[in-house]
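A, B, C and D are the chain letters, set down in written order, and residue numbers restart from 1 in every chain.
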Amino acid sequence: MNLTNLINNYAEAVAMILFGIGFSNLLLQKNLIKKIIGLNIMDTAMYLFLALKGFVAGRKAPIVVDGVQDVEAYINPIPSGLVLTGIVVSVSVSALMLSLTIRLYRRYHTLDLDEITTRLKKEGL
Amino acid sequence: MEFVQNLPFISIILSLFSGPLSSVLDGKKAKRVNIAVISIIGVMSAAVLAYVVRTGKAFVYMMGHFPAPWGNEIRVGVLEALMAVFFCVIMLLSMIGGVREREIQIEETKQNLYYVMVNLLLSSLLALIYTNDLFTAYVFVEINTISACGLIMIRQNGRTIEAATRYMIMSLLGSGLLLLGICFLYDLTGQLLMSNIQAAVRALDASGQYHIPLLVSMVLISVGLAIKSALYPFHAWLPDAYGYSTLSSAAILSSLVSKGYIFLLIKIFYRVIGFGIVRESKVIHILFVFGIIGMIMGSLSAIKEKDIRRMIAYSSVAQIGYIYMGFGLGTLPGVIASIYHILSHAATKSLLFVAASGLTDSAGDSTDFSDLTGAGYRNKLAGIAFTVGSLSMVGFPVFSGFISKLLFAQAAVGHEIKMLPTLIALAISTILNALYFMNTVIRIYTPERRRGNEKQRVVPLREQPAKSAALVCFIVLNIFLGLSSEPIIEMIRTGLGMFM
Amino acid sequence: MNGWILIPVFLPAAAGIFLLLSSFLQHLREVKRHKIARTQAEIEAESADLKKIHILTAAVLAVSAAVSLAAVWSGDKEVALLYLMKGIPLYFKVDAAGRLFVTVVSLIWTAVCAYSFAYMKHEGEERRFFGFYLLGYGVLIALGLAGNLVTFYLFYELLTLTSMPLVLHNGTRESIMASLKYLFYSMCGAYMGLFGIYFLFRYCGTLTFTAGGSLDMALVQDNRGVILIAVFSMIVGFGAKAGMLPLHAWLPAAHPVAPSPASAVLSGVIVKAGALAMLRTIYYVVGPDFLRGTWVQYVWMTLTLLTVFVGSMLAYREPVFKKRLAYSTVSQISYILFGLSLLTPQALTGALLHTVFHAVIKTGLFLTAGIFITQCGKTRTEDYAGIGKRMPWTLGCYTLLSLALIGIPPASGFISKWYLAQGALDAGAGVFRWLGPAVLLISALLTAGYLLPIVMKGFFPGKDTDTGKDTDTNIDTDAGTGKSQEPSVWMLAPLAICAVLAVVFGIFPNPLIQYAEHIASAVL
Amino acid sequence: MNAIIMIIVVLTPMIAGVLVPVLPFRNRRQMMFYIEGAVILTSALVISMLVNPPSDSLILFRFTGDLSVSFRLDGLGTVFAGMVALLWPLAVLYSFEYMEQEKKEKYFFAFYIIAYGVTLGVALAEDILTMYFFFEMLSLVTLPLIMYTLTSEAVQASRTYFYYMVGGAAFAFIGMIFILNYGTTSVFVPGGVLDMAKVGEKTDMLLVIYVLCFCGFSVKTAMWPMSSWLPKAGVAPTPVTALLHAVAVVKTGAFTVMRITYYSFGTELIRGTWAQNLLMTLVIITIVYGCSRALKETHFKRRLAWSTVSNLSYVLFGVVLMSPLGLIGALCHMVFHAVMKICAFFCAGAVIEKTGRTYIYELDGFGRKMPKVFVAFTLSSLALMGVPGLCGFISKWNLAKAAVASENPLAYVGAAALLVSALLTAIYMLTISVRAFFPGRDFDYETIRDVEDPGWMMLLPLAFFAAAMFYFGLHPQTILNVFESIGAVMP
């Protein structure tokens, strides 16, 4: 197992580990809030990975400050654009999930989804 | 560059902006806007379809005339136009069918919000069909998920909110994996436009490098989309989501939303990675096996159900299994069969949902089997519609189910190893379908023995004109798909030809 | 065109059906009126039209018997009635064996008919009885005249169907059960026969009866085994009707239950149809030399000898008189079958002779049984003590008949047993050379054992037994005399004829023997 | 005669059937004339079609690609269509009197006539897809007929019936697909259409598919593992059990099996293989099993239903022999059994409808009170037993001839099974006749005072069938020539 690749791409490795943590949290946690936190971890890990794709060592961020127009001076802007859209998407999704959780809590006074389901099965609506 | 080529882009934008627009209107007006929007888009897509069939080749439309890496592209072929037309027709009929349910079940103030969600859903479906860019596809997948969750939640009782939450969690898992898969592809090829990625992947495959990351991204994308389209092992959220939501959302969700994701998966397999590479990889066999298991297990759990809506929901798990088995075969006829089944299942499933709601009307809105005995006599049209739907699901000759079963079987016979398991699975699942569908049909036609069941009342034809009209249109659509399926199959074949 | 030989088949059949229809309508009228008690006037009217029935039956029977004898004895004729299937006609042909069978049938049938006029008075339902009686006669004549195996099978099955109602005539639960048993046993036998016919149809050139058999050797070479099985199933199947061992259980059940004229006819003639069937298949279709020395012949011989022995043993121990006679029929018929199974000319002659003699004797015996039952109401043999005093003539005839059956020289039984023994001795069939005659001898002793005690007790009852002058006279004895309870002349005459014939055949057997030898030589 | 008549023949009964509940009839008599008229018209058309058959084929409509619903008349189709055309008008005439006191009889007659059209569709089908198409429609159309009385028992019976039918159709579907892909053409060609090049060395798989297809189609003929639906369907009114479950539905099953064996898969390939032996064993088991169950059954109609199960396996036995002679025997028994069994069922129906008694032990002494019905019943039981002189003997004779000619030891066992079941038929049929005609000396006829013969509408069909039994029994050669001409064309 040649570790050289891993060391060079340590950032991607970290992103993947973060993704794993977020994914397992979203899937396995009982508490709804913890699920949402897991969701956000997963998304941020994705955006870290995406940002890394655009990064070229030794170049500046793609904001034209001192009139330099030459492309070679900046890093690849597209991944950053994608990250922006991604962040918009994950914000809206988290907002929706949180509203659902509040509604459930008001109705059942518990954040445990499985417990809600069993109570639902017992007394219907 | 005729004007017609702009129509697909216009239809996406129209439905996208009619969403927020209807949030300011009140319930009645929003409904009218929605119906108008859907019909206009339907007509436009039909025009596009006619144009593309006439010219015989797909065209690419660059939004804002910016070339690839900066601007965005949509690509319209015969297959995409056909799916668009079909989705609009189904959505229109489902909306018309579910009018009365919406008025009763959704509070006055929230009526217009429902139409916001429906318009957004329509726009995201059209985008999924047309888009030629992977990341746009991901964004619209997310819009699709959120609006679908809105559709489930609109009915505001405990069950739907719990169902919506479960739906969201599972879908987010799916889209997380999808995003990861797309990023891997982007990482490998540096491109986001489907045609460019395909060229790069072909080069990679020729050179033999990065074989494992390519395989991983394929697996991630397939599993992600499988979770979102409720393939067997990931279907836990489906029965609650479809079972308890209001009628039109159940119809739309079951026939259109899950099919949109499957169509995206087919597009990715064909246009992004190239079907040859996919065929060599093991992913196809995994999907085939899950498809077969899904067919059988879906029907088995449907047999145990005591509630007619949940039974129909479980049967769509089985039908999605059919589709995955279809293109799991890996041959061109297999994919044609699965696409045809997407259309036929969409038509039959929404017919079944609307007919089931007709039957429950005559049983005092209770979806339990014990109240439904004899419902066929009380609501004649719904009874006939439900029988037509069940016969089509069982694969009776005149109806569309028979044609898709025929196509699946013919595709299977071409394949060497997978032939016998497919044929046997087809036969067994037909029998299982017959078990629970015909059981219900026979139940609704056995006269009610117990006296004094006050909930039951006779529903005259004219009481719900909209629903009756929707039912009749669905029956005609089903029989049309059953009897004259020749042109549609030809269109799918040429469409797939253009996909390359 | 010699279609007229079929008159004796269709005339009685038509008369029989007419009688059945009239009994049907009469019963319907009666049931419709739901009349329970019948007034005196009706009884007279009824006995009047009973007379008419007797005259009608007698006339029809006489005419058809005469015509059939004329048809049969006036040279060989043949007629094909209609074509059942391509190559399989309903074909009638008069040949030597058929001639013998038809003669015996006509003789016995007319004799018993006279007897039944008197006997049936106390049984009731005469119309139905005589209807089936005439039908039975027609079918039997057709059976005798049948020219090929399919026609033979057709009338063989019709015979079962027409004779079955005779058995269940008196309508008791037991008789219905016995008739069903008879029906299903002979049906099972008929179907085993049919199984064989299917194979013969394929492996024989033609199914018409040709002396010496018509197996086409080319086809037979490679699958002899299958044909042997088929022939064996035919033998066991037709054996069912002839009371051979595996399927004989119906005979002792059916005969005692039937009215005496019916059981007389059943034992005398209908059982012979089974023997005729075997004769036809073995000697006229399969051909004797195909079977000679095969396992089928040996198994057949063992079965017949076993039946002979078992029949006589059971008869010996049976107290009820008619059941005893039924068992004796089982064993006597197997004499004939044993003769057939030896496949030698002498044995065949013996078998044919025994067919004739046994028909005459057994009919006579059953007629006496009928008289005993009607006159003194008892069915068990030990009650017949001292019956000789009251019915000397009947018992006299009975004695003559039993002597003939046992085979004591002057009477006819001896001759047929003689030929059978001779046939067995020079048949060269291994152990059966001596076993056959030995069994015949033992069975003759047993026959004596179960027939003669009635004669002894009847004539010499011994002091202590009362002679039945006073007791058990519930049956209407002769008015006033109380002494001789001889039956009416109508019942006694046929019995006397049978007895005389049994002895006369014994004394002047030559014409019969020449005729039997003529048949045997044609075939072997 | 051009081919259009085939469409007319199939569609007129269907349209007439659909119109029955719609047309405004003033009274029952007018409806009767309409229905009987429609059926007789169709039968006349069929007979005229059979007299000078149209040579070319005709496409009704096109499904996909080369698959289409199309009709063509050939030898086998003539026999089946002729049989159905002769029996249906009589059955309808019979059912008028039977359905007198039933309510909602409009829907009954509607489906009853539609079934006629669908059966003709099966008879005239040109290729395997059309046949499968009408095969499925038949099970759908006959479902309401079984459910007609709507008692819980009838509903249960219809549920079992439909599961068996769909199950069978599912497996038959596999066979059809196989033919469509591995055959040179989907049209029926005597001697089979499989092109050996494509099949190549995969014969074993071909045999598995053939067995599946055989069992699928023969669900309708109630072969042993799948025979429990037929006695249960006895709960339907007699015209249904008589016509459909003794003639139309079960014979359709036999007909379709003949089609796929002789006209699609071809017998050369299958003769002598393990598939033939397996199917022959199944058939022989059904023959004996059907009869033994009939023996045990005390319900009158269910006993006849079990006897149908075993008699149909005679036809399957003929088919499984895989030789032209076998086909002739099978056709022979198919036609003759239809006549015999429908007569028996009508007698049973007359008894049940007139006196309400359905169990055999209640039939004592009926022979005297319902003489015409029970004479017909005894005749049909004698024919079923195979007494020569009636048609049963002829068909058994042909079947056995084919079995013996096939030199296959299992076929000999089959011939023996035929005779064993003939004996069992004798037992369970004749016991009824003996019980009816000879109830015993001390039976008083008061207990069955209300029993008498039904009206002429029920008796006319019985008389016709009795005459047909005698005619076929004594002069079968005319119809046997028709069967031989079909057999001759087989390779």
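Operating definition for what follows: contacts are C-beta pairs under 8 Å (C-beta built on N, C-alpha and C of every residue); 3 or more make two chains touch, one makes a residue touch a chain.
Keep in mind that this is a model prediction, so the values were computed, not measured.
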item	value
Approximate Å spacing (C-alpha centroids) for the pair chain C, chain D	43
Whole-Å gap separating chain A and chain D, where each centre is the average of the chain's CA atoms	69
Distance from the mean Cα position of chain C to that of chain A, given in whole angstrom	106
Sequence positions of chain B contacting 2 or more other chains	none
Per-residue overlap in chain C, given as positions that touch at least 2 other chains	none
Arrangement of touching chains [line / ring / star / complete / other]	line
Chain-to-chain touches, reported pairwise for every pair that qualifies	A-B, B-D, C-D
Residue numbers on chain D that touch chain C, as the complex places them	368-369, 371, 382, 385-389, 394, 396-397, 400-401, 403-405, 407, 412, 415-416, 419-420, 422-423, 426-427, 430-431, 434, 438, 440-442, 445-446, 449, 474-477, 480
Residues of chain B defined as touching chain D within the complex	391, 394-398, 403, 405-407, 409-410, 412-414, 420, 423-424, 426-428, 430-431, 434-435, 438-439, 442, 445-447, 449, 483, 485-486, 489
In the complex, chain B residues that touch chain A	69, 135, 139, 142, 145-146, 149, 153, 157-159, 161-162, 164-166, 168-169, 172-173, 176, 179-180, 183, 186-187, 192
Chain D-touching residues of chain C, taken from the complex the two chains share	24, 27-28, 31, 34, 82-86, 150, 153-154, 157-158, 161, 165, 168, 170-173, 176, 179-180, 183-184, 187-188, 191-192, 194-195, 198-199, 201-202, 223, 226
Touching residues on chain D, where the partner in the complex is chain B	61-65, 67, 132-133, 136-137, 140, 144, 147, 150, 152, 155, 158-159, 162-163, 166-167, 169-171, 173-174, 177-178, 180-182, 205, 208, 212
